[in-house]
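Heads up, the next two complexes both have chain A, just with different partners, chain B and then chain C.
Let's look at the complex of A and B:
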């Protein structure tokens, strides 16, 4: 089956048809529940038929009016003919082909739309950087001087989820419009019917996927952004009023190209985007100031050979849970070492999760200290000794109650020493990777909504 | 109520067969198809024009026919139909079915046979 390759309305035979024939064709067209282009084809074909039929009948001896009436009589009731023609076009074969073709082209549209969406988001980020750099900073600074603030905003992974969701909104919109257009053309169903089916099915599918399937770092912004994707699809489907098989390719390609160049320029001018964070130990003064902040948790136990008792460490964190471990710095199997011997003097050794804030001793240093607004840890977990390693097990710390922002935590290990006082046994900024623990939430929207706070 | 004639009822069921038959070796547009059937039957019958176009469009939707808008020798653009491979197979199927049916009807009308 192929579509006609010529425009049927461009017939050179412009001889006006009798009024009865025009009325017949109008009633026939009104009864055809088919896409516009199919109705136009049928009307054109019937018009040709009438011209031939009238000419034949006139050659048999009837005059113009009677010939027209006879031609109409031979073709029958226009409403019944329209119903039969509609039925003839609406085959299961075409319905399935329309669905398959629509899904295929929607997938292509989604791929192109995703590229376009990413380009748009990247361009928006560029614009944001330029605005913050030129308007919020002294004009003598570099045009992208606003990037550090932007980088800080993107550091929370939920923001990345939101950005990708925005790109997906564009993809969903484009995919829906393309899918509806192709489905309508192939299946021969009316655009209104196809739009409703695509909008309903697409919304339901994407909504379920967004809420129950897609697992990503979440906050309120990312949740709202992900929920916007099914709405974007439904909007694209329902607003596809004029089915067009092809996008204005040249304009889209040019737009994507411009946005890509802007994005590339943006990325090239951000060397610090993925670079290592600045180190707090840049100056002895800053280090000393930070240690004094740590002393609010507990005073440090005497160092051995310049080290705290506990060093290095690793663990898992996220979704409101911290699972941390640290090592006894000079532990060797069979020969525990001086740190392990000293540690044996302590009791009630535990991990303490403190809410963290930026260390503001130096504005150029991105480090963290316990929040002065809190005089006690939020969560504590008994230490579980395992040879040279001490595990925190499973410490549940809440993420932000409103689910809006990432909560930062800093973890200390403390214990009650021989003199009955609690001492700090590690220095988190040096021995646990430097950064705070993020208790941001990773999971599906449903898990996010139902998570215990 | 007026009873439809046997011819009318038979024509309704055999329109796809007749259409495919006249398109077996050539390409024709709708009105030509009706005329060709009339000619080949010696003027004995022609399909109802009202049932011809639904049959044509149904066969096209089925993949048995392919349609293209083309200039005709007489001037205006016409929607020409041509048979496809699938249409050829369908024609063979219809022919066999019709032959069996016609034979059965002829035998029945001729009277009882000796067994």
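Let's look at the complex of A and C:
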């Protein structure tokens, strides 16, 4: 009976009960293993009973104190009565109704929480854009210039997955709190027991869903964000009604955390503060260094004036597919040039998808080159220049790289020349303006964890 | 409480809206029990409510006193 506000309204002008009755009610309340509002109802009902009982006994001739003791004796041991009442309230019917009601209201809470989460993330995005574009612009540029890995982590579609996961964290938190509250009220189980059940079941369910079911563009940030969802649910369940951190303080902590992460994510899109971007490299020295790295794929076979046989045909990339097209350098429909004739001397002409890495050509210059950690391409596809998709001087390829964690790629075209050696026939830098083709892993967290790098 | 006692409680309530104490008074008269059935009465009422055989609600009488009353659905 420690929460008087949960007690049904009692008449304030009623005479106080004898001390023995108060002590009885205290012991009864202590023995009731039921939610607060139920304990309050029982206390009020038993208080009402004692008033009637004492009045009746007094009308039979006993004075006040003896009437109170007689009323207590008739009602029996408070501990035993509390146990009987607790048992009476905990029916299977109420348990099932509590579970169903809790799930229903948790679903409503999740819907509302998702809207709230999206609103919070959107507001944080706007605030972050303003902050990183003004006050934090120099430091964020400095950080992202020096940490390309962080830029990659915050880029592309996986960032969308992470943003949605953050909104889902809010939804899970709200859903758990609402589910626990309703389940406790209906099932008449103690909040502590209901919290533990909801936290355990919800965490297990959401963890399995996050790791094995939800398929989305992934990187380390999105994986960590998705894994935060079951933790948010468990936190919401365990802190329901008795938050360990006061609500305003927790809101401030969450807001600061979201703003910090989003500030970092926006910084990559901020234009340079001063000078050219540090990864634009077009000096002869950097280009020569890059070509030496390309020669690890195969030595270049040059055509005229150092030009390769094949020229840019366009590169595209999406969440899990990279597309590359190349043209024969001097091909004219109906009048194939000497490059086409030279190409006809090559056999086993193929596209090769190589993992790309950032290459520091000098302290201020960087390029993209085939990853030295891999001595072979990730995949190869025959290049058919006679398919005539546009004209006979064009070939195009699509690589499905959705289940590889690597996110930067370079596509080469190679062929076996008249001397029996394989040569590189294109110069990918021209296709991509110095940058690689980009992809993102798409799948579940489990697939991401077990995927090839 | 036995099935007979449950039936007796239901019969005592009849079509009225009664407090636990009023139910006890009605039960005591016909049964003429040497010891009033108070210890088991409230758990029985609460159990009948939990399984849906009784409805319970709070009512305030003209004197301002709040009482929990039971009735059949």
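We adopt the following convention: the second predicted complex is superposed on the first by the 237 of 453 C-alpha atoms of A that agree within 3 Å, B and C clash if a C-alpha of one lies under 4 Å from a C-alpha of the other, contacts with A are read in each partner's own complex, and residues count from 1 in each chain.
Following the convention adopted for this analysis, contacts are C-beta pairs under 8 Å (C-beta built on N, C-alpha and C of every residue); 3 or more make two chains touch, one makes a residue touch a chain.
Source: prediction; values computed, not measured.
When both complexes are overlaid on chain A, the residue A:26 reaches neither chain B nor chain C.
Once the two complexes are overlaid on the shared chain, A:49 sits against chain B and chain C alike. Once both structures are placed on chain A, chain A residues 8, 10-11, 13, 41-42, 44-46, 48-49, 51-53, 74-77, 80-81, 84-85, 87-89, 91, 93-94, 188 are touched by chain B and, in the other complex, by chain C. Chain B meets chain A in the complex at residues 29-31, 35, 48-51, 53-55, 57-58, 60-63, 66-70, 75-79.
Listing the residues of chain A that touch chain C in their complex gives 8-11, 13-14, 41-42, 44-46, 48-49, 51-53, 74-77, 80-81, 84-85, 87-89, 91, 93-94, 188. Against chain A, in their complex, chain C makes its touches with residues 19-22, 35-36, 38-40, 42-44, 46-47, 50-52, 58, 60, 63-68. Residue ranges of chain A in contact with chain B, taken from their complex: 1-2, 4-8, 10-13, 41-42, 44-46, 48-49, 51-53, 56, 74-77, 80-81, 84-85, 87-89, 91, 93-94, 188.
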